[in-house]
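Supplied in structure tokens, the structure appears directly below.
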């Protein structure tokens, strides 16, 4: 059976990696090359690399940096940030990305998902959805690195993207991001139940138990984390060992 | 191409991890230093006395504390100050990778201040493998040294039942960092991971590489939480309790026999620090390649903050000395240093290029780094416009 | 030194495959030219994308003929990866029916979920179990995981062509071979240690 994937997320801002809390208070955490090499050493299941200011800067993806990093990356790599055209996707795939994540463009140009899926296959299109919980318990989706509300709940957005040909969802809880307090399990479950494509849970992981929770109750196919790996002594490998003991199928 | 932003007060670039530049263009390290003026140092001194008193060995049959030392100016200051405060410290050294002659002489001088002293040297054959692995994987040849600087004194503290470890400087106070860390002066495992600069590489990552097994990595292994709790090991930063200044420490140390280098150390601006490890030149150089600042910048900032150097002069000195390819360090040629870790100079240069953050340096039309005759890079900008 | 022609037909993660080949001791030559394919010791056909586009791009560059000449006829060891494996089939059913290279008899069809929570595309690590011995899997223990990222798969007509299967969506062929023509549905260049073992094994053929 397919194994639960445990993947680190790298957020790139301007010149290097950063980590934030609730998509704010960005802290520089070091060299991207170093992080890629360390995770490569650790043979993680997959790596997610997002350029978080590409869209707000009005820039295309940074192909050169991705090229350099991908050269050191012998595991599956999902790259996102500023992807707006089919040509962007072609170039990213060429320089080493296996999948491309689309966030703002997925909302502003839904037809783009179809174009990319037709050209390169659904399996390389990841729709990246960032969401916040409203006081009434419902959820709102956001684009532009969490700054612009879409006016659609994440489950509906995911469904539409799936219909357009997206192959996977990267679902991030903005509220939980960087807090190490646990994933938003309910958000994850809502989206997982709305689609039949894999969903990667992201935002809030602080302990291995959090991962088990979102996999069990949220029904995610994979768990992404960043702060947990940057700031504590926990590792993807130890996470998988914990998950295996908890009865999940993992690659060890 | 965007430009690098620098602190308006010192000359630190924003690319340094954990550094913030605020709305006025002033960096968090400068702001931290500013706050020093508001510190009640008398009160801090009393707090220090209280802590020391609490941990002093009542029976006198054990040491009052462990003081991790290297033989450098800060080690001298820490040790002498503890002796002056009536403590009986056990000085503990984790031997550096490539100990220099002057480094050895300074260690001998430190012992002469009047302390029992333990030096732990890790297996050199294992060490050079780790140096090479760390250089290739995380671009830090000194990674093993940074690990053992923490693990060895803590292991000794556990093994000898000495709860208090007196470190020198809290890197977060002077060099900036999230307020959370600056407010916490006790060394916990979590602190180590979050701010100890372990670069994400862990001892466990080494197992299975180049024949390394757990039995080779004993000294690199931090004691368990259980062992730490049993002994009650805690650590404090002297730099939190006294107005820490590397230069004053150097003066104090020199007056007690500490030896300085005949000229400013390569890539730095001074002759009184980082004298003990020939590999430090490489370590500093990689900081420059990754983040755009080297040892000269660090030192210039320290002196600017204390009013010993004006910013304009600091900018000039940094331009002259920062980030030069480390052909020689403490008089040791680079070929000798890389050969001692089983690398060729070409291998080394390839690793340098791999870790260089191209966004910070001038590149040609084909995207290759521009290097001068001596292999030096040029930053895209050395100051704010 | 093995000269490995990595076929460039405008679709594929050429860099990744090239880098992996380098790590495995080969010299990758990214090319679409007959002269370079002819003098290669091995040929690799990567592929990311749709079947129809894939075969059209190959034909447009005359690569279907060039590759047939050197791999099928000339006997140069050949490895198709992911879409590259699917193109070896006789026909593809992605977005209409299209003829493939036809070197391994079979149809390329969409994965159909066969149980609760079987999601398509098939993305992630999954077991590869061998149905017969092959030099491609020397030193690889059965049942270990390789990385898959696909929605379609090659249904082999002849059992002898099947090297390995993976239990998902009712079970599908994850590796096939006829003579020195090999195809793997997973990405060896992304499957780390085991993937590199497979690449090294291929280069030793």
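First chain written, first letter: the chains are A, B and C, and each begins at residue 1.
One rule holds in what follows: contacts are C-beta pairs under 8 Å (C-beta built on N, C-alpha and C of every residue); 3 or more make two chains touch, one makes a residue touch a chain.
Since the model is a prediction, treat every value here as computed from it, not as a measurement.
Undergrad: Please report the smallest number of touch steps linking subunit A to subunit C.
TA: 1
Undergrad: By mean C-alpha coordinates, which chain is most distant from subunit B?
TA: Most distant chain from subunit B: C.
Undergrad: Using mean C-alpha positions as chain centres, tell me how far subunit A is from subunit C in Å, no decimals.
TA: 28
Undergrad: Taking the mean of the CA coordinates per chain, how far is subunit A from subunit B in Å?
TA: Distance between chain centres: 35 Å.
Undergrad: Cα centroid separation between subunit B and subunit C, in whole Å?
TA: Distance between chain centres: 50 Å.
Undergrad: Taking the complex as given, what residues does subunit C use to touch subunit A?
TA: These residues of subunit C touch subunit A: 11-16, 19-20, 23, 48-50, 53, 83, 95, 113, 117, 119-127, 145, 147-151, 167-168, 187, 189-190, 192-193, 195-196.
Undergrad: Any idea which subunit A residues touch subunit C in the complex?
TA: Against subunit C, the touching part of subunit A is residues 1-3, 5, 43, 45-46, 67, 70-71, 74-76, 93-99, 118-124, 167-168, 196-198, 219, 221-222, 251.
Undergrad: Quick one: which bits of subunit B touch subunit A in the complex? Just the residue numbers, please.
TA: Of all residues in subunit B, those touching subunit A are 2, 4, 14-19, 137-139, 178, 189-190, 193-194, 199-202, 204-205, 209, 290-291, 354-355, 357-360, 367.
Undergrad: For a test of understanding, state which residues of subunit A touch subunit B in their complex under the given definition.
TA: Residue list for subunit A touching subunit B: 14-16, 27-31, 33-35, 37-38, 41-42, 64-65, 68, 72, 229-233, 235, 237.
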